[in-house]
Structure formats: C-alpha cells, structure tokens
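Next up: some structures, all given as structure tokens.
Look at the two complexes coming up: chain A is in both, with chain B in one and chain C in the other.
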Partner chain A sequence: MAIPTQQVAPQSLPGSPPPSRRRRRGAAAARGGSRSAYAMVAPAAFLLVLFLVIPVLLAFGLSFTNARLISPNPPRFVGLDNFVRAFTSDPTFVRSFINTFVFAAVVVPVQAALALFMAILVNQKLRGVTWFRVIFFVPVVTSIVVISILWDFMYQGDGLINSMIDTLTFGAFQGTDWLGNPSTALGAIIVLSIWQAVGFHMIIWLSGLQTIPEELYEAARMDGANAWQQFKDVTWPGLRSTMVFILVTITIAALGLFVQIDVMTQGGPRNATTTLVFHAVRKGYREQETGYGAAISLIFFVIVLVIALVQRFLTREKD
Partner chain B sequence: MSTSIAARQGAARERRHGGDADAAATRRRRRLLVGYVPMVLLALFFLFPLVFMFVSSLKPDAQILSDIGSPQAFLPVGDISGQNYVDVFDRVPVVRFVLNSVLVTTLIVGLGLVVNSMAGFALSRLEWTGRKVVLTMIIATLIVPFETIAIPMVYWVSKLPTVVLENGLPMYDFGWLNSYHVQIVPFIANAFSIFLFTQYFSTIPRSFDEAARIDGAGWFTIYRRIIVPLSGPAFATVAILTFLPAWNQYLWPLMVVQQEDLRPVMVGMQYFFQVNPAWGEVMAYTSLITLPVLVMFLAFQRAFVSSIASSGVKG
Partner chain C sequence: MSRKSSLTMLAMAAASATVLAACGQAGQNDDGGGGDAGGDGTTELTMWTHSAGNEAELAVYEQIIADFNASQDQYEVVMESFPQGAYNDAIVAGAAAGDLPCLLDMDGPIVPNWAWAGYIQPLGISDEIIDSLLPTAVGRYQDEVYSAGYWDAALSVFARESVLTENGIRVPTVDEPWTVDEFDAALVTLQDAGYATPLDIGAEDTGEWWPYAYSPMLQSAGGDLIDRDTFLTADGALNGPEAVEFFDWFQSLFERGLASDSGTIGNEEFNNDEVALSYTGVWNAMDSLDAVGDDLLILPPPDFGEGPKIGGASWQWGISDSCDAADGAREYLEFSFKPEYIAQFADNQVVIPATAEAEELSEMFGEGDPLQPFVELSQEFAVERPPTPAYPVISSVFERAAKDIMNGADVQSTLDDAVQEIDTNIQSNDGYGF
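And now, the complex of A and B:
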C-alpha cells in the first residue's frame, strides 16, 4: 500500500498539527465514515425498496382495488370485495386453500422426520458416508421444473412407477394414472416434492447434529443408555433450535407450492391439486385480475406470517 | 487412518479374548448392515429417476416405452445414440435459452456479490445513524416469500420507466416486460445475502480496520483490500445460494417474458408441454440443462453442502 507514506509526510512535520485541528480531522473522519456507509448501503437499499418494500405495500394496496394488469381505467377502491369474493363466491379458492393445507400438513412432518433420519444415517462414522450425503443431495440441486416433467412421465398409467410397483409387489398391487386420478394426484405430488427437497433439510439437521459434543454421548453410554435413550435425552434436546428453523422453512416452502402444479396438473383433475399460489397466478396474471390476485397473495402471506410466529412462540415456550 | 487403527485394535482385542471373537465379528457385521442397508436403499430411491432420465435421453421413443417394463429402463442398452440431442437442437432454440440463462444468472450472482457485500460491510463494521433500524428491517424482510409479491410485482414492473431508442434517439417508455433487465435487476439485492455477509464480516477482528485507518486508508479501500480478500468462504456461500434459484427461475420469467428469444432454460421447456410430447427429446433437454449444475455440484460439493448448512444459522 502506498497510502502510509502520503500520510506520514504531513504528520512528521516539525511542530505537529494543533490539537484543535486534530479533533476536526477526527470528526471529519467519522462523518466520512457515515458518508461511506450510506454510499455503500445505498445500492442494496434502493433495490430492496424498489423490488421488495414497494411490492409488499402494493400487495396490500391492490388487494382493496379492482386493478387489472392491462386496463385503460385506473384502479378503483372496492373495499373488502376481493376477500369476500374469495371466501364466499369462489369455490376454487376455497379448494386451493384446503389443498394447500393438506399438502403442508403431510409434507412438513414427513419431510422433517425423513430428513432427520437421513441426517442420523449420514452422521455415522462409516466409510463412504460422504458419498451418500452427496447422493441424497442431488435432487436438491436439480431444478424442480425438470423434476416435475420427469415425474409426470413416470407417473403415467403405463409409466415407470406403475411398472416398478408391479414388479416389487409381484403383481399384487395395481397402480393407477396417478396424476389423472383426483384421489391420488395430490398424494403423487407430495411424494415427488419430498423426494426433491428432503436432502436440503438433511444437511441442516446434520449441521445441528454435529454441534452436539461427543462427550455427552460418551457420558450417556457410561450411564448405560441405549441408542434410543441417547437419541431421546442427548440428540433431541440438542436439536431444538435446528428444529424451529426446519419446521418454519419447510412450512413456508410447502405453502408456496406452485411449480409442480403448473407443470404437471394445472390444478386438475377437477381442482384436486389447485393451490393458493397457483390460484393467485391464475387469477392475478393469466386472467389479469391483479387486484384479486394480490388479495389471494396477501391471504397466503398472512398465513405464512401467522405460522412462522406460532412456531416460534411454541418452541420458545418450551425452553 | 483412524478406522484402520480401530480395526487393528479390535482385531487385537478379539485375539486376546479368543472365544468372544465370533460374537464380536457378528456384532460388527450387524452394525455395518444396519448402517449401510438403509443408506443404500435411500440412495437407490434418490437416484433412480435421474438415472432413468439420462438413460432415456439416449434411446428412441419406442424403446423408452418398451423398456419401462424391465430393468433395461435404467441401462444404456439397445439402440443407443445422441439422436434426441440432435433433434432437440433442431427443434428448440436451446443455445439461445442457455445463453439467456447464463447471462441472467451471471449478472444476478456477480452484481449481487458486490452490492450485498458492500451493504454487509457498512452494516457490520461502520457506525452510522440508522444502522440498527436498517439491519432490523432487512432481517424482517426475510419472512416475505417471493410468491407473495410476485403478482403485485408484475403490475409494478409493467409501470416502471425504461429507456428505448427511437430513430437513434433515447426516449422514455413505460414497462419493463419482455427484457433482460426485468429478469435481473429485481434479484440483485438480496436480504439473506446481506445478512450472511454481515454475520461473516463481524467475525473479522476490528483491529484490522483500525490499523488501516491509522495508515490513512478510506473505508472503501478497507472493504476492497482487507475485508473482501479475507472473506472467500462468505463469497462462495452467497454465490452458491444465489446461483441455484437464479438458474432455476421459473414463475417470474413465465409471467414477465413472453418473447421467446429472451426466455431462460426453465421456461423454454414449455416447448414440450403438449399432449403427447416426444419423451426422448424431453429427456435430452432436461438432461442438458441439469448436467452443468450437477457437474458443478459434484466438483464443489463440499462448498455446496457447507453453504446450505450455514444457511441454517438463521434459526
């Protein structure tokens, strides 16, 4: 750095600067510091206001209007009409609401538990265990669009899944056209969604597991604790904060279910797989009813917010 | 190393105890079985769809369908060729889609690293009025899922001003739809990236800054010459965590880009959304856009996994 020499020169002059000047320099430096700070935060802050804060405010504002994406007329205030319409005269919305909850109610516990089981498996001190970690993680780095197309093909009536079921059960169980059948479509989407995302949460559980000191397990073993007792009394209590994070992230991701629906079923058959976000996009974008779409998005947001707060509150209580 | 030592010790113990040797060996074999069998089964469960995809991309449609009933579905046997790939390139503007995605992803990740790390620097190492408020607001925005604001955001970007050339003269127009910037600019600033940088930077000793200040360095110099070079892992983590969603973008470009030559790879796949798609070509296309990410993942798997793990610090 060439800077020191520049700096040394004035200060090493005989009769160094009077104290008053030094103080002024200090104040200027502090002011310069906050000027630099504003300059460095400004680009990010500007972009976040433009593409996060304003859209959030718009989601609130537009929900109370009849705004359309392309319209010669300015949006008109319609009060709570959009919300009333959603809950009283839009059966597809109600269906989307229920489907989204069913999806989350199954995915959250199953995915969290499976991820924990996998994390415990790959936390064993066994040769080659890193490779299993990598394999379990591969679907996470694969695009959900690709995965939806692939499973769409495998779920066909005469597709790979049915032929594997046939082979594995020696013909005892007959598959169906999984996505075409209203009673199996959502379940089929649940399976592939868990298949895709579980590796992510395995890694998070794993990093939680690795923060638990080995000495605790040694102590438990010396007290004669078996594997289950070690899990119950050492592992589980050590994973509490990890669990909160995992439950919140899985819940939010599950409630946002969209791509699988858009690629595989378009909400069908007979609205068996329509979801809140899919319905919001259908209304707010495809049918250009921005105001109504914003209202549905807002309902989705409020649910996410409430669940995140409730989960935090519940886990805080237990501590 | 440690395992082989343990194994040798175990063997020594078994020799000493003689009669227990058989029991110990059985116990060990059982332990290995309990350890490996579920992992192998799960590995098959996670790999079979992807193996099926890659293998099918090499087969003609008729053979894909006839192989489904047998284990051949997972084996590259029979009439193997790259014909599906050739056909995909003929039928779909694959190169264009890939270049679009590369451009959009590179700019989101690259500009994001600069903008978010600068913000993280100011938030973690500088004292200024409003710092706490801004930091709290940024953390608060982490709870907002993109799906919530997608619809209002389409409306919003359709109203934003843009510069267009008319007869060689720059003119104002309104609406960001159908452009590259509408796919890039909204995703550069990222609250979670800022949060990760802030966390990481605050672990670097402040004495470094003070020493550089005494030497007369400005804050930007400190950021560029001291903090950035010391923060490789944070930059790698943020790059990985922003790369994946940028490459996989679907909902947003689906809504804001109708013009085919601006579409990214995931939306380009809509070419195949029809009643009876040519499955061999579909598998070739999905393999093509998945392979680069998989290769990158396998090459940097340690960094990938630790990035994901560090994203858990939020809790």
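And now, the complex of A and C:
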C-alpha cells in the first residue's frame, strides 16, 4: 500500500538534483562515474525489486487464482472470478470502495487547507513560534497505533469528548458513542486522521513558504497589495510545486487508510468504516483467501495509479 | 539543516544495522524443523507455546520439561514462548517457511484447519491417555486424533445469591436452568432494581470470544454456525428462523440497555457490583470468589429451547508434520499427561482439569471444592465448534455479523450475507475435502 507513495514522491519532490552539465569529461571518467552511480543505486534497487516489484508481480499472478494462505490443494487458475466476485457478490467490498472515497474526498481538501493555514500562522516571525511548530508536529512523530488507542478511549460514550460536550453546553447536548454509531464512526476517524497527519503537511507547506523570496512581498507591498492580494498573487503561485506534492501524497495516504480502522473499529459498525486496504487484509490474510485478497489489492493499485496519473495530468506544467 | 539530515542518516544506518544483526542472530539460533542432534548426542525437540507472559502456565511447563529432560538422556525439549496475539501468525509463517517446531500448542477449533493443511500429524499417543481426557480436550479431524490438552474452560453466569433473593428471582440449577423468557424477565427486574446495565455479556471483547461465547447460545436456540451433516453450507443453520429469533433477542438486549458493549474486558464490573449478572469464564472465578465470597453463584447459562450449551475446547498440543523426532515428541507428551501436572495447570490458571484423577488432586475442582460446578457445566453442556477446516472463516464472519446485529443491523439480511460469505469461501476451497 506504500507502493505508490514511493513511486510518485521522488518525481514530485521539489529540488531534485539538476542533471550534470560536465559533458566534456573523458570517456573513461564517464564510465567510472556511471559505474559508481550503479553501485550507489544498487542497494535501493535491490530492495525495491525484492519488496516492491516482485510482490506486485506476484499479486498480479495470484489474483487470477484461488490461492489460499493455508491449503493442501495447489492454487488453480480461475480467470476473472475474483474480480467478478468483488463487484457482484461482495457487498462489503462495494462498501469499502465507497468509504475509501468518502474518506479521501473529505481528508484531501480539508487537511491540505488546514495545513496551509497552520503553516502561514507558524511562518510569522514571532517569539516562541518554534514551540507551536513542535506542538503541531508532535502527533506526526507519535505512533498512529498509540494515537488510535487514545482516541478510541476519548470517543467512548462516557469518554473525554462527550464529557467536554456535556460541560461546554451545560448538559444541553449529549454526545453519542462516536465509534459505535454507524452514522458518526467514519466522521470520527476522519477527524482523528486529519489531526494526526496535518502537522506533516504543515511542515511541507512551511518549507514551500520559506522558498518564496522576501523581495516579492516587498515589491507587492510597494504596489499597494493587501494581505489577501499578496497571498493570491505571490504566495499561492510560489507554492505550486509544493501544492502538487501535497495533493498527491495526501491522496495516496488517504486512500491507503488502514491502521486506524484495524485498531479502532475493525471495519464496523455495520461496515461503516471498512476500507479497501482493510478489506484486502481481512480477506487475503485473516480469512486466508490469498487469491481474492490479491485481486482486491490489484483493483486498489489500479485505482490509485489512475488517480495519481489524473492528478499529474491536471497539475502538469503547461508551457 | 544539513547537520540534522546527516544525523538522521546516521540514526537510520544504525537502526538498519541493528535489524540486520538481529536477523543474523535469529538465523543462528533457529533450530529448523526440530529434532536436530544436540552436541552431546541427545536429540533436541523444539516446542512453541502461546503462553508468553503467563507466568503461572509457563512455570508448569518448565517443571515438566526439566523432569522429562532429567528422566532420560535421548531427547532434550527446548521451549520457546510467544505472546498469544502473534502466535497463530508465527505458526502460519513458520509453516510457510518449512520451519515449524516439533511440538506446538493450538486453540481447539483451529485443529481441523491445520490438520487439513498438513501442518500437524496424527497425534499417536496411547489410547489410554486419550480415553481418560474430557472429550472436549481432544482435537479430532475426520475421525483421527490430532491434538490433546491438559484442561478445558467453561462459561457460566455469575450472580450474587443475595441479589437474586432480594429481587425474587429463582436460582436456576443444572437440571432446571432458566428459560430464555425467565432470564429476560430477570434482567428487566434487575434493571428496575437499579442496575443500569444488569448483564455483562462480554460484548466489549473481540476475536474468537464471539463464536466461543455466543455460538453455543445460537445452538441452544436450534441454530448453528454451519450445517453439520454436510459441512458444505451454512444455509438454514445460520439464517434459519431459529437463528433469526435468537439474534432478535440478542439485538434487543442491547436496544433495551440490558447489556452493552462498553466497559472493560474481564469481570471487574461484576466484582464491583456494577452489574448483577456476568456471562464469563472459569478463569475469572477466583477473583470473583475473593470479591464476593460465599454469596457467589455459578449458574448454568439460560436454555434457549434445546437445553443450555457452552463452548468447549481450549488450548491443546500437537506434533508438527515436519518433526524428525516424532517418537520423542510422543514420549514427551505421554510423560506430560501425569495427573499431578494436570492438576497443577488447573490450579495455577483456574481452568478445568481434563482427567478425573487430576480433578481429585486439584484444590479447586475436586468434590466439594468451590469451583466444582464448572466441571459439571463442562460435562453436561459443552459443545464443540464445527470441526471443519473452514472454521477460521466462519469465526471471522460470525463475529462481524453478530457485531453488526448488536449495532442495530437488520437481522435476516445480515445473516443471509454471512451465509453467502461462508458458502462462497467453502466453494472456492472445493468443499474443504467434505
């Protein structure tokens, strides 16, 4: 599930090294240089092939069989059966599909916007601003499993969130059992996920903000631009490549939602929070249907690939 | 910034070096499929347990192993313990890598699956031992014995005698248990008497607890997890009218607030008198006995029509198919089924000893001992979960369906979906050999 992140991230990372300009070197030196380049790329390439390329190819092959995790019978080729089953006779798969997209559709814009807002706030030259950066960043470096367990307690019927609601509204409103109620469970997980990950994207936005030269702002101010005009015409265009990176990484991370579900709700209540990755793990590993799990993973892979390509196309540099 | 990133690099390099070193270490210590010749001419028998962290249980194993190793000089048993949560994964991974130990323990209902998959071989220890054990402490698949255990567990309803008497509720017996209507009425009475949630049914727990605790109730109502005549479909068993009736009642427990899925796993609420009745296992009995004393009642679960039922089969021992020294493993197992060891397991962990002899040696389960009622419950009411290789899937599907119903899903359609899911799985496995 981390597959696409690694494929896309290096391309869209701002500031990748410029191609070498020293063309006039001797042929021998060039060969030596390329040899050391291969040597340097070898460890990464080896690991990528071992843990990325081979599993993807295996998943592709397995998804057309009825392979099982535990079975005395050899796997058998079943053609497109697994894919037909996913779309026609597995309501949980369809529900997972919908939940995954609802989650991504909410998380991507909200998290990106919130992160940008926080980045602008902590980009001020004020005393103690480092503290705020640290505080916003703390959830990112905390294990998501720990965070899920803590929020699980907070979301309980008699947990922290409900007693806060109770106190703040003087008892006028009663919270629900957030994770046990099918209509609030996914929303509750969206809130916690944004809270956890927003700090990371804040830092990325911040690094983008700091590459915009101060002179541009000075010039804009001399032209009489107000704060909103400065943001619209100086900051936002200057953040373009950062925006592309953030858009792609949040989308992929959101589509791969798994840990929070696994720790907090196991897909329930009533499939309200099941997601594609969670369903693939449940089918492929816990219920031991490796072939079917591989088919779900392959569907997921294709979807993520298509979305990433569409995003690349929409945000391409137009010259 | 650059100093920071070089520090990060250094930390990552150090971390990966540690991991690699650890892998190398693990590789060296790995004893392969067990049965390697040791340095001094003895054959090593590797043994995996799921009991890491359970000191009481490990202490007994350590003693058995020490006694066995000292009693002969042909074999040497070496134990490795895993935490229960990761244990099945370790076995599956070990089997995939062809690296299982000689001796391994396993939860009763998974035995058919592992036997079918060829992980374990027929047990082959003496019939005398097998015949002396509680039937639910023996794991069978296709009429062949594959595993045997030292104990079984049992579920019951815990209550305080004073609370029942005060509220005019009849104390049920094994011969005359509560009917489901009586049980329901008792819960309503207790709720009116001031218990906000009168019953702790254990719904906050997850995993195997669900089929272990609630599928016997379903059987008592006339339903089942699967059609046990053919083992090919769950249709009619899991979604028939009896099952729907049972789950309607189950759902209404939560709707009416008679039970809930919040709270802590274990028996704390009962011990603190926050709930009046608790549906829980023998392993919690000592704590409740300490908290409640003579007032504690250990009652049979209610009768849903076909008589009360409780789940049987706990952790049992088997021999892996790849074991090179299966004779040694058998010798060890036969040695370990001595009454004094079984009694020690029972008393240390508060579980029911698997033989009558050990029962008498035990300080808790013998005639007249406080936990003796559990022995009777286990003998009278224990049913086994379906002995089919499809069980892991059935278990997972059942848990999800029952939880959805608890959360208010439509009963009939949820059960129909569950049946479809189980049947699809059985078909894609060509009937699992049935």
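Methods note: the second predicted complex is superposed on the first by the 267 of 319 C-alpha atoms of A that agree within 3 Å, B and C clash if a C-alpha of one lies under 4 Å from a C-alpha of the other, contacts with A are read in each partner's own complex, and residues count from 1 in each chain.
Criterion: a contact is a pair of C-beta atoms (placed from the backbone, for glycine too) under 8 Å apart; a residue touches a chain by one contact, two chains touch by 3 or more.
If you're wondering where the values come from, they're calculated on a predicted model, not measured in any experiment.
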Q) Are chain B and chain C a fit on chain A, or do they clash, once the structures share the same frame? A) clash
Q) Touch check for A:Val41: first (chain B), second (chain C), both, or neither? A) first
Q. Is A:Pro182 touching the first partner chain B, the second partner chain C, both, or neither of them?
A. second
Q: Pick one for A:Val84: touches chain B only (first), chain C only (second), both, or neither.
A: neither
Q: Pick one for A:Ala105: touches chain B only (first), chain C only (second), both, or neither.
A: neither
Q: Kindly classify A:Ala219 by the partners it touches after superposition: chain B alone (first), chain C alone (second), both, or neither?
A: neither
Q) Between chain B (first) and chain C (second), which, if any, makes contact with A:Leu69: first, second, both or neither? A) both
(Q) Contacts for A:Trp151 in the overlay, against chain B (first) and chain C (second): which applies, first, second, both or neither? (A) first
Q. What is the contact status of A:Val310 with respect to chain B (first) and chain C (second): first, second, both, or neither?
A. neither
Q: On the superposed three-chain arrangement, identify whether chain B or chain C touches more chain A residues.
A: B
**Q.** Shared contact residues on chain A - chain B and chain C
**A.** 69-70, 158
Q: Within their complex, state which residues of chain A touch chain C.
A: 66, 68-73, 78, 85, 89-91, 156-158, 177, 180, 182, 266-271, 282, 286-289, 291-292
Q | Parts of chain A lying in touch with chain B, wherever the complex brings them together | A | 1, 3-4, 6-7, 29-30, 32-34, 36-38, 40-41, 43-48, 50-56, 58-59, 62, 67, 69-70, 117-118, 121-122, 124-127, 129, 132-147, 149-151, 153-154, 158-160, 163, 195, 199-200, 203-204, 206-208, 241-242, 244-246, 248, 252, 255-256, 258-259, 262-263, 277, 280-281, 284-285, 290, 293-294, 296-298, 300-301, 304-305, 308
Q) Any idea which chain B residues touch chain A in the complex? A) 3, 32, 35-36, 38-39, 42-43, 45-47, 49-50, 52-53, 65, 68-69, 73, 115-116, 118-119, 121-123, 126-129, 131, 134, 138, 141, 143-156, 158, 185-189, 191, 194, 213, 215-221, 223, 225, 244, 247-248, 250-251, 254-255, 266, 269, 272-273, 279, 282-283, 286, 289-290, 293-294, 297-298, 301, 304-305, 308-312, 314-315
Q | Residues of chain C that touch chain A when the two form their complex | A | 92, 95-96, 113-114, 116-119, 206, 261-262, 392-393, 396-397, 400, 403-404, 407-409, 417, 420-421, 424-425, 428-430
